[in-house]
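Look for chain A in each of the two complexes below; its partner is chain B in the first and chain C in the second.
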Partner chain A sequence: MKKLYLIVIFLLTAMSVSAQHNHNHSADNTLNTTEVNSEHSLYHLDAEWTDHRNETISLTDFKGAPVIVVMFYGNCTEVCPILIQDAWRLYSSVDESVQEEINVLAVSFDTENDTPEVLRKYAEYEQLDIPGWYFMTADDADIRTLAMMLGVQYSKKSDGHFAHSNLVTVLDEKGRIAQRVEGLNQPMDDAKSKIESIMAKLNK
Partner chain B sequence: MMKFSVLTLLIALLLITGWDHGMASDFFQADTVTVEVKGTDTDARFDPVVVAVNPGDVIQFVVREGLHTVTAYHPENRRPQRIPASANPFNSGLLKEGDTWMLQVFEEGMYDYFCMPHEKMGHVGRIISGSTDAVGEYPEEGIPSVVLQKLNTETEQFLNQ
Partner chain C sequence: MNILTNIAPVKITLTVLAAMMLCLTNMVGAQVLVPSGSFHSVMPEIKGEPVEVESFYLDSTAVTNQQYNEFLQDHENWKPENVPSIFAYKGYLKNWENTNADDIVNPNQPVTSVSWYAANAYCQSAGGRLPTLNEWEYSAQLMDFESTADAKEFANRLMSWYSTFDNENMGAVGSTGIENRYGIKDQFGLIMEWVEDFKPVVADDLSLDCGTVGRMQKLGNAYSYAASIRYITRMSFSPKSTNSTVGFRCAYNVETMEDKKSNL
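The block that comes next holds the complex of A and B.
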């Protein structure tokens, strides 16, 4: 009987490491997100941004439809590609008709390296140089302000890499924070529903 | 009484894991091949890069160091498709040192995969499922040259072993 119990325990242990599911690790270099006021609109930020197409844009250009925002840096060899993938998972989870209405802002906090040209190459490499996607940069102060409003923390390290929060944010049509998805590889169901409900309300 | 509790435990085990009889049966009959995931930056690599298995076998990815993913070349992962047409795309999500992630392949053919953080550094791998005759050609468009070079070189070495 003891043997049988041991087999069961062994199976439980084996299956706990073998299940084919996504992990959510608090990776090294991960900073916590901070609390935000979801009543404030990010569109009050009066900053000039440059996207990977080298076009000057303002956040208010995106007013009127939901927006997905993610902050990252291009030289990241750890979690940023996964963060971008998370934003892609959310974007691709909604119907094509909704995709055509919404936008995705991938904002780099590495002003030293991520020039519009570098961001263009990044977008092309990631096969995200597509309508509705904007890889953006701006002045340090403006990026920092946006990060604070989103509740994203980032800090440059001595090796040139960044410690940072991992966060995907959905803004409503007025630029207010409607949904936050913290961590990596998280389910996007709630964020997807939020986008769809905003769009349903707008299309009434 | 004891027999009953053990049986209950076993049934609960299967229910908890969500496995039906067929899946469990497949798993226990399959061979398991181990691929180690090593390196932290430019030295990131799958070891071995190329493995040959039979359909139904399980590939066990064991992360020795660093942060990595095991991600299929597939449009769902924003890459051209380089797995059999009828195969399900896969993506491990972030794996870190000490993690083990299992992949079971069912179709015959070539499965090319990459590590999201280190693809640019040639951190890619290939599974040959079934006969090595399954080694064929996938379109090269949209694939970094470092990836193509790595896969071609390693496959050639593997086949010449």
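The block that comes next holds the complex of A and C.
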């Protein structure tokens, strides 16, 4: 009986904690719709990244135009190529003039295997070693931070593969999350219009 | 010190001194090797198969207010007045009077009210990372009990601790007397701790309802009930959460530590 009592007490505590966070969360969402939310830019993440061209980059390099972000890993042969293709579908759905402006970041969370060299081969294999596309790696801690900011979950399994979420994110010109497409093979219409509307606003 | 000189032979005195210094460094921040092994998780998807964990180093105690303050002196961007709201809710370090170096309240208590982002940044700057959920849980259950009765009693203590969290009278790190067989202290009895992947990937399928605990695996050991509570509490966190009961300690890859040692 005592045990039951404890369970109830604890769950109530846990729920009130959760309720508090939900409350905070909705406050965030409200902020997101106003103009004064540059605070919520992912570009606050002040990390050094290396891309598949072995060049050092930082996220703020991409400021000023929309960015498409996916998180994946190279040894993932079933799901990740689809995820990368999803990013390509979105990218190729916008006008060429827009393609020239925007960038695509494919961030690997497998720091053990996905060196810049491996990422270069991956990009070449996927025929995506093209301008505006960046296959990137960094410190584990920075990759995990980016994942937290995007809401991407991943965890390494004992067989060396990763359990992970499948998410394509569009960032606006300031690095704020503008659109999220969850799951594989999803329609990209909303994300496409989002990119186009941001570009239209920027080119006014 | 008088006692030491009274023991006479210099050799012994030195040994005692060395031992004392070892003890002192063990109080705060020693990095301890946790050898590889496996454990049973309470997560429903595991279905009785033990989770394998590779060897790693773990701080023997949680990061203290003092240690965190030192970090802030070198990383001004993590001071409460500078931290962007994307990295922490308003409660970040709310129990600190100020963040000046000379005036730290409760220096030896674990730092709490830190977001996941802040904890992650601290460990990165310390040359480590946050422990993974599996590493933390694995280390936590590496405790030896003399008898089943002892284990049961410990389980009861754990439950009452989780249900009567007292963050008003928090002890210093190393003060709980609870440690695993390798000397990792206070994983219970002091604070909840951030782990790298605090929301396991399956967490979306588990909601915070009263049935969740029931659906988790009952392992029939001292830990399973308390572990279920930890998993569920963690799932309620956001990476921006700044709870006054949540702190952290850092983990280190074995290769990183070996590199460090060979560079000395």
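Details
One rule holds in what follows: the second predicted complex is superposed on the first by the 165 of 204 C-alpha atoms of A that agree within 3 Å, B and C clash if a C-alpha of one lies under 4 Å from a C-alpha of the other, contacts with A are read in each partner's own complex, and residues count from 1 in each chain.
Everything that follows uses one rule, which is that contacts are C-beta pairs under 8 Å (C-beta built on N, C-alpha and C of every residue); 3 or more make two chains touch, one makes a residue touch a chain.
In this text the structure is predicted, and so the values were computed from the model without any measurement.
After overlaying the two complexes on the shared chain, residue contacts for A:Tyr125 are found with chain B alone; chain C is out of touch. By the touch criterion defined above, A:Ala138 reaches neither chain B nor chain C.
By the touch criterion defined above, A:Gln85 reaches chain B but does not reach chain C.
When the shared chain is aligned, no partner comes close enough to touch A:Met199: not chain B, not chain C. Of the two partner chains, neither chain B nor chain C is touched by A:Ala178.
By the touch criterion defined above, A:Cys76 lies against chain B but remains apart from chain C after alignment on the C-alpha atoms of chain A.
Judged by the document's definition of touching, chain A residues 8, 11, 15, 17-18, 21, 24-25 lie at the interface with chain B and also at the interface with chain C.
Across the complex, chain C is touched by residues 3, 6-11, 13-15, 17-18, 21, 24-25, 39-42, 44, 46, 139-142, 144-145, 148-149, 153-156, 158, 163-165 of chain A.
If you check the complex, the residues on chain C that touch chain A are 51-52, 77, 84-87, 89, 116-117, 120-121, 123-124, 129-130, 132-133, 159-160, 162-163, 165, 196-197, 199-201, 203, 208, 210, 213, 225, 229, 232-233, 236-241, 243. Those residues of chain B that touch chain A in the complex are listed here as 2, 6, 9-10, 13, 17, 41, 44, 58, 60, 67, 69, 76-79, 90-96, 99-104, 116-121, 142, 144.
Contact residues of chain A toward chain B in the complex are 1, 4-5, 8, 11-12, 15, 17-25, 27-28, 76-82, 85, 88, 92, 125-128, 184-185.
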